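Consider the two complexes below, in which subunit A is the common component and subunit B and subunit C are the respective partners.
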Partner chain A sequence: MDLEFSHVTAKKKGFVLKDITFSVPEGFITGLVGENGAGKTTLFSLVMEEYARYEGDILAGGMVLAENRREILQKIGFISREQQFFQNFNGMQNADFLAGFYREFNRDCFIEKMKEFGVSFGTPLKGLSVGEFIKFQLAFALSHGSRLFLLDEATAGMDPVYKKDFFRLIHEMIAREDAAILMSTHIEEEVTRHMDYVVRISEGAIESVKEAGEWKP
Partner chain B sequence: MEAVKAFDLEWKKQNSYYFLMYRFITILLTTLGICTMFIPIDKTEIVRTSINPLLLLIWGMHCHLAPYLTCVEEGKSISIYEKLKWMPVAKRRIQAVRREYMIKFCVKAGAAMFIVQQIGGILDGSWGIFNVLYPLWEVFFLFLVGIIDIYGK
Partner chain C sequence: MKITINQNGTLAIYEQIVNQLRNAILTGELSPGEGMPSIRALASELEISVITTKRAYEELEKENLIRSVAGKGFYVCENNRDYLREKNYRLLENRMEELLKDCKGAGMSRKDVLSMVVELY
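What follows is the complex of A and B.
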């Protein structure tokens, strides 16, 4: 499922996103790069939040987000360290709580992915490492048939071993699934090694949209 | 709405001790509040005689709704709406289900209050129209507070 921002302008807590226009095509990893406070997380919140206010259009899979939010969110996997899950409960309990909200949630798939990613079933989410928490979110997203993955600084604080494993999973997802990935990062190495397209954002505005091969830090 | 109820069912199952504790307090407070309704309304001091049962019932209703409205993490109370904000469900649907629970509570408590107040009024020999109106306005205020509880989070 692709994602398209078309002349999106939004004001949030004094911060302004100005005329954001770019696409996240299926089958590719699009990097969203920019310094802290550039507007990366604000952009994700426009997609995920129910009462997000903005001008312009956000389309996912050809559908207008504002008119089809519930339908579109069925296919979005949002992965972030700030993700709202129930921290006092383990991964399986969280999946049991939230499965009902997703028509296509597959419990067996979730169990399989958790085992594949090596995430403990019995540990409460607050007891997982950053890498494990991110992998739990990936397992959950894959289990409800996500086709658009939004990763907000997912690798920040992750150790190199986990990071290598994480990107292997990301590339497998892109190769296997009919998926699109938008991933924010400010780590140059990740951009040059793993992204197909790079969108640079600064002070709430898009500076450039390029193929990763043309991008320079 | 079915998805919200499925969540609530699982939430209640995984938080059984939390729910049991709140249920005990709800029953205690609501029973006390209903029992005070045996005292027939004093027409000359309506506010004073109606405030005690109302406060007890509001507190009881708050305890009835609390486990569906908040969760506690690291000592902080967090709204369930906040936890579910990125799920494919509209906030108004979650609120609608909580409103349903609140209305059921008001109806049951209201019916009990009504019956008890009529009995109290008849036994006291002072039964009149105020004995009918009194439980109705108690339920009305209870409903208002419930709405604020649900939609104010």
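What follows is the complex of A and C.
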């Protein structure tokens, strides 16, 4: 499911986004880069928050987000270190709590992914490492049939072994060409090696949209 | 065949792929008429961007080493391999000449260069 921002302007808690226009195509990885405070996280929040206010349009899979939120959110996997879960409960319990919100949630798939990723079922989320916590979220996102993955600084603070696994997964996810990925990062090497397109924002406005091969930090 | 990507190398990732696939074709490791992996499959396997992989294939296509068949994918060209090998040798010869110029510039003697070659080969 692709994602499109069309002339999106918003103000939120001191952050401003000005006339943001770009798209996140299926079958590719789009990177989002920019200084701290440039507005990356605010951009994700416009998609994820129910009462986000903005001018312009956000479309997902060709549908207007504001009018089709419930439907669209079924297919979005949002992954962030700041993401709120029930931190005192383990991954399985969290998945069971949240399963009710997702029509296509598949418990067996979740269990299989958690095993594949080597994330502990029994540890409360607050006891997981950064990498494990991100992988738990990926497992959950994959098991409710997500087709649009929004990853906010998912690789920050991840150790190299986890990171390698993480990118293997990401590449597998887009190989089928029906999923789109938008991920923010600070790490140059991730952009040049793994990403197809890169959107740079600066002080709330788009500075450039390029193929990652032509991008220079 | 196995392609390795050196993240810290001086060559761009697409050039690394082009070089390794070119060598595989010229040495016959990939035989004429053989199907190439799809761009997406190779990108996923190497864990690199789809666009980078596409660029590498386009370069090989430009060099007439592979050709695309609409709707089917890429195949190794049935070219005269001797001719291609000859061409590749000439390319290497040019690079060698440049390198030797640099060696001379750095004050190396013929003997120095030869012993370096023996050491490194």
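The rule we apply is simple: the second predicted complex is superposed on the first by the 215 of 217 C-alpha atoms of A that agree within 3 Å, B and C clash if a C-alpha of one lies under 4 Å from a C-alpha of the other, contacts with A are read in each partner's own complex, and residues count from 1 in each chain.
Basically, a residue touches a chain if its C-beta (ideal position, glycine included) is under 8 Å from a C-beta of that chain, and two chains touch if they have at least 3 such contacts.
All figures in this text were calculated on a predicted structure; none of them were measured in a lab.
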Room on subunit A for both subunit B and subunit C (clash or fit): fit
Which holds for A:84: it touches subunit B only (first), subunit C only (second), both, or neither? first
Which partner chains sit in contact with A:48 here, subunit B, subunit C, both or neither? Use first/second/both/neither. first
With both complexes superposed on chain A, which partner does A:98 reach: first (subunit B), second (subunit C), both or neither? first
If we overlay the two complexes on their shared chain A, which of subunit B and subunit C does A:15 touch? Say first, second, both or neither. neither
If we overlay the two complexes on their shared chain A, which of subunit B and subunit C does A:70 touch? Say first, second, both or neither. first
Look at A:175 in the shared chain and tell me whether it touches subunit B only, subunit C only, both, or neither; answer first, second, both or neither. second
Once both structures are aligned on chain A, how many angstrom separate the closest C-alpha atoms of subunit B and subunit C? 29
Inside the complex, what are the residues of subunit A that reach subunit B? 48-50, 69-74, 78, 83-89, 93, 96-102, 126
So in the complex, which bits of subunit A are touching subunit C? 27-29, 164, 167-168, 171-172, 174-175, 177, 189, 192-197, 211-213
Taking the complex as given, what residues does subunit C use to touch subunit A? 5, 7, 12-14, 40-41, 43-44, 47-52, 55
Which residues of subunit B touch subunit A in the complex? 2-3, 6-7, 10-11, 14, 71-74, 82-91
